[in-house]
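Heads up, the next two complexes both have subunit A, just with different partners, subunit B and then subunit C.
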Partner chain A sequence: MRLALRELRRRPGRFVAATAILALIAVLLMFLGGLLDGLLDSSTGAYRAQQADVVAYSTSARRSLPRSRIPEDLRALAAKAEGVTAVGGLGTLQVAARPSDEPQTRDLISTVLIGYELAPRGLPSEPPPLGSVIADSSITADGVREGDTLLLGAGRVPVKIVGLVDDTRYAGQASLWGSLETWRTVTQQLRPGQAAPDAVQALVIRADGSPERAASRVEEATDGALEALTLDEAIDAIPGVSQQRSTFNQIIGVTVLVALVVVALFFALVTVERISLYGVLKAVGASSGTLFAGVVVQAVVVTAVAAAIGAGLAALLDVAIPPGSIPFALSASRLVLSAALLLVASVVGCAFSLRRVLRVDPAAAIGA
Partner chain B sequence: MFLALTEMRRAWGRFVLLAGSVALLVFLILFQQALQDALVTAFIGAVRNQDAPVIVYSVDAQRTLQASQLDRQQIDGIRGVRGVGATARVVQGTSTVRIGNGDLTDAAIIGTDDSSLFVPLELSGGRRPSAHGEAVGSDVDFEVGDRVEVIPAPGGEATSLRVVGVAPEIQLNVTPTLFTDDVTAAAARRAVNPGAPGDLTNALAVQPEKGVEAASLTGRIQDAVPDVEALTREDAATRAPGVDQVQQSFRVIFLLYALVVPLVTGLFFLILTLQKSRSLTLLRAVGARPAVLVRSLLLQVVAVLVIGIAVGLALFLPVSSLRVGSLPLRFDGTVVVVWATALIVLGLLSALVSLRRVLRIDPIEATTGGGGL
Partner chain C sequence: MSGTDGKGGEVTSTEPALRMEGVRKTYQVGDEEVVALDHADLTVASDEIVALVGPSGSGKTTLCSIAGALLSPTAGKVVVGGRDITEFSARELTEFRRTSVGFVFQSVNLVPFLTARENLLVVDELGGRKGDAKAARARADQLLEELGLSDRAGNLPGQLSGGQRQRVAIGRALMNDPGLVLFDEPTSALDSHLGEQVVRLIRDEMKRRGTAAIIVTHDQRITGYADRTVEIEDGVVEG
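Presenting the complex of A and B:
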């Protein structure tokens, strides 16, 4: 093993090309992962922030928030379901916004106005007063600051930003959190007919016991008029979320396979080159296990260096990508996961050389 | 040539690994290219493959058909702009539907008040609608003769459509899509949202007068009518929300994959050339011309790439007829040819380093005990 490390130190040049390729593959893995995380973060933030166990929609809406309508009587039935401790209404309106000092600009900001009752993480339990909202901090990328006023929709309905909250985007848009009254007022002005005075789009429900049981109790209590999902199910039901996750994970899986083949290829070539050297080492007493351990150590070191370079490049990419252009979110956990996948691929990949190492005949070293 | 092929036969394990990695990369590239094309087509196919050269949205909709709303004053204003010929009101909504006796699904229902404007450019089967309740459907989701029942929300009135024709690549927002008349589309919308106004117009499709260019007309419409965004058909498709992000993301991914292929190939042949340095020197000493060695190297590079690309293509072929979620993938021969050519060219370029080393071989080294490159 010491020999393997010494070779890496003395002749780093021979490992440079393989390290460069693996670093590129590491960047690819991290970029793909960051893209997936960015897409999911920007679609699901408003749900992940909910401090609730269950989300309920009208059954006919088929888990679509914009199409769901829940009247007051259904809400009352849901609130009476066994184990339910609190019920809050939720209403959303996807709407373009303009800064108040540029009412005629065509450079609009995509937002989603969300009316709430039960406070999600980071928001005050009492929603802001009518006409005021707390904005997702991603809106600052559009030059909007706390204290600014936004004009919503073609009707230029003003709302004042009285605070910022992190990681609560929905459908790729910056959320504006206000009271249900604010939501209803703005919706009535911009989309008459879409907001019934007593209806909400969804219910967020806190309950005792398991969320699954609470969900089924809410459905029973409303005689199936509501479809109740656990928070995780509701996140997965957001259009595109589960498809994006599975597609990206498959692509990442095949990319890891490429890394595995590249490592296998490189160390197969290196092993061929060292056959006579291995013969000598075996002749002086080195076991096949020791020799193969040396190959594994080199593969792990090369991959670790490549992963570190890849992480650095991915971080540079993260800085270089302008906010709002590509939904890219790089996290430490994603970097660690990508590096771990690469390391596993490298260990498995260099196992291809094991057969050749085992077949080395020490007698050949002394010309027998 | 004999030398190159014999070496590949003898050391097949290494070459199989290299061709395998190229094959996996080619598969990934083709799969992601198909995914990108399917995603973009399924998002905006209905806009790209309809016949109106100009589409006018409300500016607040940010080029989203369903979010757009034009009022009567704006519609009249657009119709009054010089150069505007025929126009059609476009109505669009998303409804829960049942196709035949199948499961419930969402569908985008688009209607116009002119049966010849904002309709699919071409049909792949059936005919165009001629009465209320008839529709042309996206051919990956519907068949001619399908009965489509719109599931009403509480208080809504049930309605249904009959598919009389199907058209390729006309999905909107990755959902099954139906083109029908404005009355049928409005009824479908009211079934889902009984409170929705009956005379809602999402967008106006415009046919420029003869001799008027679509691109110049869009500017005139925007100057004349406040709070509208007029776009040519192509701009409406390419500038739809999300399309640019999708394409930018895939561009970065393709660039990285396209770099990995030549790097892997280049590294492989460089190591191989270094390992063979003594043999190559000996060959030169016994009279082999540099051109023979170069041809041998290039032949191996091309062979590995062609085999890798062929295997990658073979892996991709069965996948290309599948659906990823609701996205129907498609095999595009042009894409395959472009990528195959690009990868072979990049692979050959990557072999230049090895080539240079082969050309630098001095046969005299064979007599002096040298031969290292």
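Presenting the complex of A and C:
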């Protein structure tokens, strides 16, 4: 072990190439992870902010929020389900907005107007009055400030921004949180066919006990007319979320595999170079375990240094990327996870050299 | 002269450093059995220096490897420093080599990125340093001084001459205070003048410590420094 660390210290040049390649892989891994987190954050914020256990859609909507319609009578049935403590309606309208001071602008802002009853995190329990909304803070990247008025849709229905809230985007769009009444009024004006006076699109439900049980109780109480999902299931059901997650995780998996191959090849070469030295060390009493532990220690140190460099570069990227340009969110947990994946890959990569170390015959040191 | 009482701890003046009885070593090459060593008997007294000579392929390397616990015999009995190592497992042989025998190899195989002093300490470190680190360092310094290398203790092998490197290798072989040291062609990489110096040093060091040695060699001049010369040919020991 000490021998391996001494070699790293005294012959750093030998390990520079492997460290550099692994550092590039590390930064790629962290960048990909940051993109995934950024994309997911921008798609799921409105749901993650919900302080609820269950989200219910009409069964015929097949887990699609825009298609779902829940009339008053079904809502009443759901509210009576065992363990349910609170039910709130949710209505959404995806709509392009333009600032009222630049109504001719060609750059429309993609927004989603969300009417709520049960307040998500960061929002007042009493929704803002008719015609007012609290906007997701990401909208400031488009130059919109608190106090501004936005004109929604082709009908240019005005809503005033009376506050900002963080991390509540939905499907990549800035959310505008208002009352159900605001949502109904705007929908009535822009898409008269879609508006129903008493219906909502979804129910957010608070309940006692496990969310899974609460979900099945709501479904039973409504005789299957509602499909109730736990909050996590509902997040996964947001269009694109599970696809984004699986696509990025596959790319991340391949990248980790590349790191594993780099470590495996590098240390396989190093081990081949050391065969006569290992023979001598075995002859003077080193066990295969001690020698292999040295290889693992070197791989772990090289990878840890590379991961640290990668994390530094990823942090620089985070600073360099202008807010709102691409969805990139770098978190400490993502950096730690990426480093941990690389370390596991490096240890597994070393394992390919184990057989070679085991096969070194100490008797070969004599008569060589 | 009394024997060493090193980490092996079982060498006494009456016990020979090595006793091989009817040792046979065969290898399977395809369907054929190749005999590398045939019923070899060899006893080396506790402070004896034996020169082992023979042509290439005669089996002297095999004999040396079996005596040094690098190989297990196919048949026969091997007792080193009073311990019967014939039936030792690979793990036990590794441990035995670390604590009870010393090796000096043909090509000077020092660890290139360690200083002379660290090359001596490597034996101690490889064993997970069960002993006293301070004592090991003191022993390394003492050996380097005895071998005339005090001022070279901090030098890497690349900064040492061939003779100095060979002396470091001898120091490494003596670190565990072995009862038996095996030298594999110790002068083959040195010119005749240096070679003779190194052999004289080997003899002086072994005799001063009362340590037994087997020196495998082609070099006729070396045999003059040995107490006894054993010849080996076609796997048969004649001495």
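The criterion applied here is as follows: the second predicted complex is superposed on the first by the 364 of 368 C-alpha atoms of A that agree within 3 Å, B and C clash if a C-alpha of one lies under 4 Å from a C-alpha of the other, contacts with A are read in each partner's own complex, and residues count from 1 in each chain.
The working rule: contacts are C-beta pairs under 8 Å (C-beta built on N, C-alpha and C of every residue); 3 or more make two chains touch, one makes a residue touch a chain.
Treat the numbers as computed from the prediction; the structure is a model and nothing was measured.
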item	value
Which superposed partner A:Gly172 touches (first subunit B, second subunit C, both, neither)	first
First (subunit B), second (subunit C), both or neither touched by A:Tyr116	neither
First, second, both or neither for A:Phe292, with subunit B first and subunit C second	neither
Subunit B versus subunit C as contact partner of A:Ala61, first or second or both or neither	first
Partner contacting more residues of subunit A (subunit B vs subunit C)	B
First, second, both or neither for A:Phe267, with subunit B first and subunit C second	neither
Contacts of A:Glu7 with subunit B and subunit C, given as first, second, both or neither	second
Partner subunit A, residues of subunit C touching it in the complex	61, 64-65, 68, 70-71, 91, 94-95, 97-99, 103, 105-107, 109, 111, 113-114, 118, 122-123, 125-128, 172-173, 176, 182, 184, 216
Of subunit A, residues touching subunit B in the complex	17-18, 20-21, 24-25, 27-28, 31-32, 35, 58, 60-62, 64, 67, 69, 94-96, 106, 108, 110, 153-154, 172, 191-194, 196, 225, 240, 242-243, 246-247, 251, 254-255, 257-258, 261-262, 264-266, 268-270, 272-273, 317, 325-328, 352
Touch list for subunit B against partner subunit A, complex	11, 13-14, 17-18, 20-21, 24-25, 27-28, 31-32, 35, 58-62, 67, 69, 94, 96, 104, 106, 151-154, 174, 192-193, 195-197, 227, 229, 241-242, 245, 248-249, 252-253, 256-257, 259-260, 263-264, 266-268, 270-272, 275, 324-327
Subunit C-touching residues of subunit A, taken from the complex the two chains share	2-3, 6-7, 10-11, 276-277, 280-287, 290, 362-363, 365-368
